[in-house]
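Next up: some structures, all given as structure tokens.
There are two complexes below, and they share chain A, which is joined by chain B in the first and by chain C in the second.
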Partner chain A sequence: MRRFDYFRPKSLKEALELKKTIAGAKFISGGTDLIVQIKNRELKPSALISLRFIPELATIEINGGARIGALVTISDILQHPELGHNYPVLTEAAKSLGSVQIRNVATIGGNLCNCSPCADMALPLLVLEAKVRLQSAKASREVPISKFFKGPGESCLASNEILTDILLNPPHNKAKATFLKKGRVKVDLAIASLALLLEMEGGICRKARIAAGSVAPIPLRLSKVETLLEGAAVSEDLVSKAQHLARETVSPITDVRATEKYRRQIVGVYVKRGLEKILGQSLA
Partner chain B sequence: MKTEISFILNGLEVDVTVDGHLRLIDVLRNMMSLTGTKEGCGKGECGACTVIVDGRAVNSCLYPANEIEGKSVTTIEGLQMPEHKLSKIQQAFVDHGGIQCGFCTPGMIMSAKALLDSNPNPSDKEIREALQGNLCRCTGYVQIVEAVKRAARQLKSKQ
Partner chain C sequence: MKNFRYIGKETSRPDAPDKAAGKAHYIHDLQRPGMLYGKIKFSDHPHARIKHIDTSKAERLSGVRAVITANNSPEVRFGFLRDNFALKKDKVRQYRDELAAVAAIDPDIAEEAIELIKVEYEPLPGLFSPHEAMKKGSPLIHETDSQGRPRTDNLVPLQYHHESGNLSAGKRAAKYMAQGEFSTPRVQQCCMGTAGCLAEFDMNSNLTIWAKTQIPFLAQRDFNRALSDMGLNDKNTRVIVPALGGGFGTGLDTHAYEYIAILLAFQTGRPVKIVYTRDEEFAYFSPRQSSTTKITQGCGQDGKLTFREVEVVQDNGAYTSWGATYPSVMMMPATSLYRVPSVYFNAQLVYTNNTYCQAMRGYGNPEHTWALESNMDELAGEAGIDPYDFRMINCNKPKETTPMGLKVSTCGLKECLQTVAKKLDWKKKSKKGKCRGKGMASLIHVGGGGRIYRSDASGLILKLDDFGNVNAYHGGVEMGQGLHSVLTLGIAEALGVRPEKVFINPLDTSTCPWDVGTHASRGAFMACNTAILAANKLRDRIFELSEELFPQEVEKNLEKFIKKNPGYKPPDFDFIKAAKRERFDLKDGSIFIKDAPREPWLSLDLGRLLRAIHFRTQGQMLATEVFYDPPNELPDFAKGFGNISSTYAYGTQGAEVEVDTETGEVKILRMVAAHDVGKVLNPPALKGQIYGALAQGIGYALYEELQSEKGKILNPNFRDYKIPTAQEMDFPVDLEFIETNDSFGPFGAKGVAEPGLVPTAPAIANAIYDAIGIRIRDLPITQEKILAALKKLKEAND
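Then we have the complex of A and B:
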């Protein structure tokens, strides 16, 4: 592999300082995206600055809502009893990410910062309306996750910022959410994926949040479909309109995994399956 | 830039000096001559390079050598019993045809070990999930799952 230097700062301050002084340096968390990109010669960093030796980044705190440190691994999320109990949609997505070996080192922060349209953890966080905390040497800011992604590999993160935490609202006990993912085989990036959160009251949809992966340049909230569902009774007719609208809203590409047409089709199917799963009834 | 790192390798404390770009698999194979750990894809897809770090199975091809500072690493060589005998898991792979060409085997066995260490009584589904990150081009997996089941039974009866 191409040569680079490796730094292991013990504090955020030191990490941000190093980033400022070393031209061409990149942060590394689990490295499961980054090392592959270096190996594929898509990236040629002069140095890697590891975030793995900064203890406060790797903690989970339940505080009414929850704070998940950016360096928390996917396996840590699966092993945390309260997180899974309060936000089952997060565990559903975590279970679908990669293999055991990948989940043991891949971090939630790395999954977001890599900014792939297929990032599995982005979808539950989008429907849970999470915020991310970004820290530079001078300031810290909170950004809604729906404003974080800008394009494939691009986010609103500045080069002198570190994603430190993911912040979740208190669990919403009336709402239910679910996650669906289509891959070629079990351990694979999504061909298409969808997270759906629904709050129902007397047969009427009070709140809908839908996010889809691998069907647009970013993990995408399907706001138009949400608006269509909210305030309405979930009938077969409405569901078929929602499916149609979802297929129209996304802008997938054709690549090695699937065609554009197939991805569009799956999004429609998943809107219906997600609703069926949450409502516990068939919407033939 | 070279860094000195200390870690525990198969139960023994070791110190090595590594370049920034080296991966754990480079340290194991090229510096420690532990060539039981194999490199298949080098991209986290095949699992041939699986080793156990602090109780968790990881791909050593994606693991920066610098990150093993202070950690405990177990490789396939660490499973050897006194008098060059095979461990129960290794023997079960041999007995059940879970090993054919053998290239995937060290990684398979390390994934199986990580599973059995944390879950001594896994279901077929749990075994298949634990081995999802390990590809085998020869066996068709059925014999491997059988071998892991047999090893689980034998490890339990030993206790």
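Then we have the complex of A and C:
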């Protein structure tokens, strides 16, 4: 592996300062994406600036809604009692990410900033309509998560910015959400994945939020399917239409993990299964 | 049946604590003073002429000690057919061909130097399927053979053919027939420890190499040959085998990287270590051969098989390893699994520009059993007979001689089939509406050595010391499978000492006696047979010497005993007269006269006796050596005849699965494995073998495939090459061992190392068929393939 310098700043300010002065430096959190990329020689950073020693980045705060620090690990999320209670869909996704060893070091911020179309944590955050807070030396801004991803490995994060927090709205008591993921084996990157949030009122769908992974250049909101469901009574016929529309909306690729055809198929099946799971009835 | 003291009892493995604590030394841990790190430059093309290799920049990099290519180093030829070279000169024939290598003071510099080597090629058309490569007029992958004679096609010059009975009569007698073409992918052995070696020359130009090998003595022969190629005539290689992180067949050949380390060590005069990274292991190391098998079988009204016809085509890849002898093992199930009166078998290996392949656990047997046992279910279906009944009708029997000339001693296949049927509630249909199904498949494998070389022997030296310890020197390789555990138990049992007193010494060709290699499930079978022979020799010698020394020492014991227990009256027993060799016994490290009264002073600790033998005028130390060559024969593979092993292992596995018809996912609900192992030597070690094998078998069945495109490996990492983990093994596994107490087997045991993964894939495939009526004929049975097949079925039905 290539040599690089390594820094352990104790504050955000120091981290941002270092980033500005060292050309070719990268931030590192858990390193479970970054180190792999360096070993595969996709990246050749001159220095790594660790964010793990900045205390405020690793905290979770429940404040009606929730604030999750970017350096919170996936295991931290799973162990936090209120977070799991208020946002069970977050836990479902967290459970499916990697193995115990990976979850112990992988961070939620790293998962988002790596900008992989398969990022498991992106999907629950998309259907929960979370915001991310980005901090530069000069300013801080909040961006809706649906505006964060730009393409594989690309986000709206500027090179002089750190993702500091993820902000969640207070949980809505009528909303129910679920997460589904397909791999080749259990510990795997998603071939296709889906998060679905539903607010029902008297058999009518008041609100639907659907996000799919590994089927587009970014973790994708399926707005067309959402629109189809909203305001309608969920019937078998509607579900079949939603499935069809979901398959049409996505634009997956074929690679060593799965074919484009299979990914489409799974997204369709998962739209149905997600609805079934939330509504507690079979919709076949 | 004999009562054993240690055999069959749960005993912990002697190597386990060090391995669990991270104290065992693997190649990866070894360091030598002044050691350099070697790295290899592999080809950028699957088939091309080499025009020019520019190493000048690499040579100038600080920290680089040597850069070698075929142009500045001696030509070293190797391989099963000697069709491979350590460094390629004129042509590359696969992506992993070795073009140059560097030795540097640290691994990063070595890697950087490799990136600085530039090669100019003239690309040639590539051949990536054996069927394409077999076509007349295809470009030649090897223009000449190892003797320099011109070649005219891409066929590997090895013959595997068998014909027995009357095939046309068998076909005429068949009321039902089933035909299928089955294929298997290249899969990786996935050893936890990647490949590597450390080579070092002394000032007399003799070589020591620490190698990850399963054949230290054949490797010594190969390396000595390389030394003569290098102009070092009459020089010797000492092969040392440190702790190994798995073998699974990868150590049955010597490899280019080993010759390259030797060349670099010689060139630099320094020790050179080469260890593959995981990516290198996947991309530049030999996987299991892929094959296609066309099989037709027929049976009569009564369900009895009347014939079996098999054509195998195997993708050899660009060079030839021992893996090219897979068909010699395929022949065994083809001719001898179930009773079949007429058999036709033919196998053809073909050179391609794919990565060349090598041995892997099962060695052709999983490939062939996949086709055979899938087709058995197809034929049972044609005949309208239950697959279990169909197998019972055709079941093998003890004492039979099969069409290939296999002389079966014991055979527990019937019991294996019955056990699986019972434990799987075979006759009860799986729950309806859930797409659940059950399937089974059986196996035959060599269980008493496997002669594919002119010697199938193994030696053992036992050396006793003054403390009653037994030091063992054996040529079999402990690679994680637990060989040292069974050898320890075998010696303890046969000699009559406690297992803690037995020490197995590191494998070193300069101290250990010859052994052909740890393959063919022969390790435990051979090791324990040598243990019994050696122990018997030692016991004879100990008892002979005891005639004089036992009474002397016991006399002293008695005196002391009386002093401590005044008034003690010894029983009326003349131990001087009784001290006859045939009346002695040795148990748990203590020597006594069998029919003597059990008095505390009337037995001797083995150490005490050995000291008495040692410390006297003309004293002696005891050691013994034995060499065991099992009663089997080297078959004539072109005729397909010969009793390759002295006994055969059988087994049946069954699975119940549930298929998700919307996603194609297969969930295994439970598995049953019944294996005829002759005799259980160490229960937890045996269970470990079968559990591990099942996981490998399940990987083969459902997940694993080294994908490639035009010869390039597309998934050279665990991110994209998926093996089952604990989470896939989340179902109950019911193991049952059938003890047939084989007369050739040491303590009655047969080899069991490979059988555990042989029938797994067809058992699962048959269960999938039972569940959803879909038969997938190409492994692995991925969820995508199932979904595609379901769709096709639905379209056909609509």
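Side notes on the structure shown:
Quick note on the criterion: the second predicted complex is superposed on the first by the 284 of 284 C-alpha atoms of A that agree within 3 Å, B and C clash if a C-alpha of one lies under 4 Å from a C-alpha of the other, contacts with A are read in each partner's own complex, and residues count from 1 in each chain.
Operating definition for what follows: a contact is a pair of C-beta atoms (placed from the backbone, for glycine too) under 8 Å apart; a residue touches a chain by one contact, two chains touch by 3 or more.
Computed from a prediction, not measured in an experiment: that's the story for all the values here.
More chain A residues lie in contact with B than with the other chain of the pair chain B and chain C. Applying the stated contact rule after C-alpha superposition, one finds that A:223 touches neither chain B nor chain C.
Residue contacts after overlaying the shared chain place A:240 against neither chain B nor chain C.
Of the two partner chains, chain B is the only one that A:75 touches; chain C does not reach it.
When both complexes are overlaid on chain A, the residue A:3 reaches chain B and chain C alike.
In the superposed model, A:269 lies in contact with chain C only, and not with chain B. Residue contacts after overlaying the shared chain place A:52 against chain B, while chain C stays out of touching range.
Once the two complexes are overlaid on the shared chain, A:187 sits against chain B and chain C alike.
Once the two complexes are laid over each other on the shared chain, residue contacts for A:256 go to chain C alone; chain B is not touched. With the contact threshold set out at the top, residues 1-3, 36, 99, 186-187 of chain A are in contact with chain B in one structure and with chain C in the other.
The touching residues of chain A, when paired with chain B in their complex, are 1-6, 8, 28, 31-32, 35-36, 39-40, 47-48, 50, 52, 75, 98-102, 104-105, 186-187. Those residues of chain C that touch chain A in the complex are listed here as 108, 662-663, 665, 703, 707, 714-715, 719-720, 722-725, 727-728, 782-784, 787. Considering their complex, residues 1, 3, 19-21, 23, 42-44, 47, 50, 56-59, 61-64, 66-67, 69, 111, 114, 129-130, 132-134 of chain B touch chain A. Those residues of chain A whose C-beta lies close enough to touch chain C in the complex are 1-3, 36, 99, 182, 184-189, 256-259, 262, 265-266, 269, 273.
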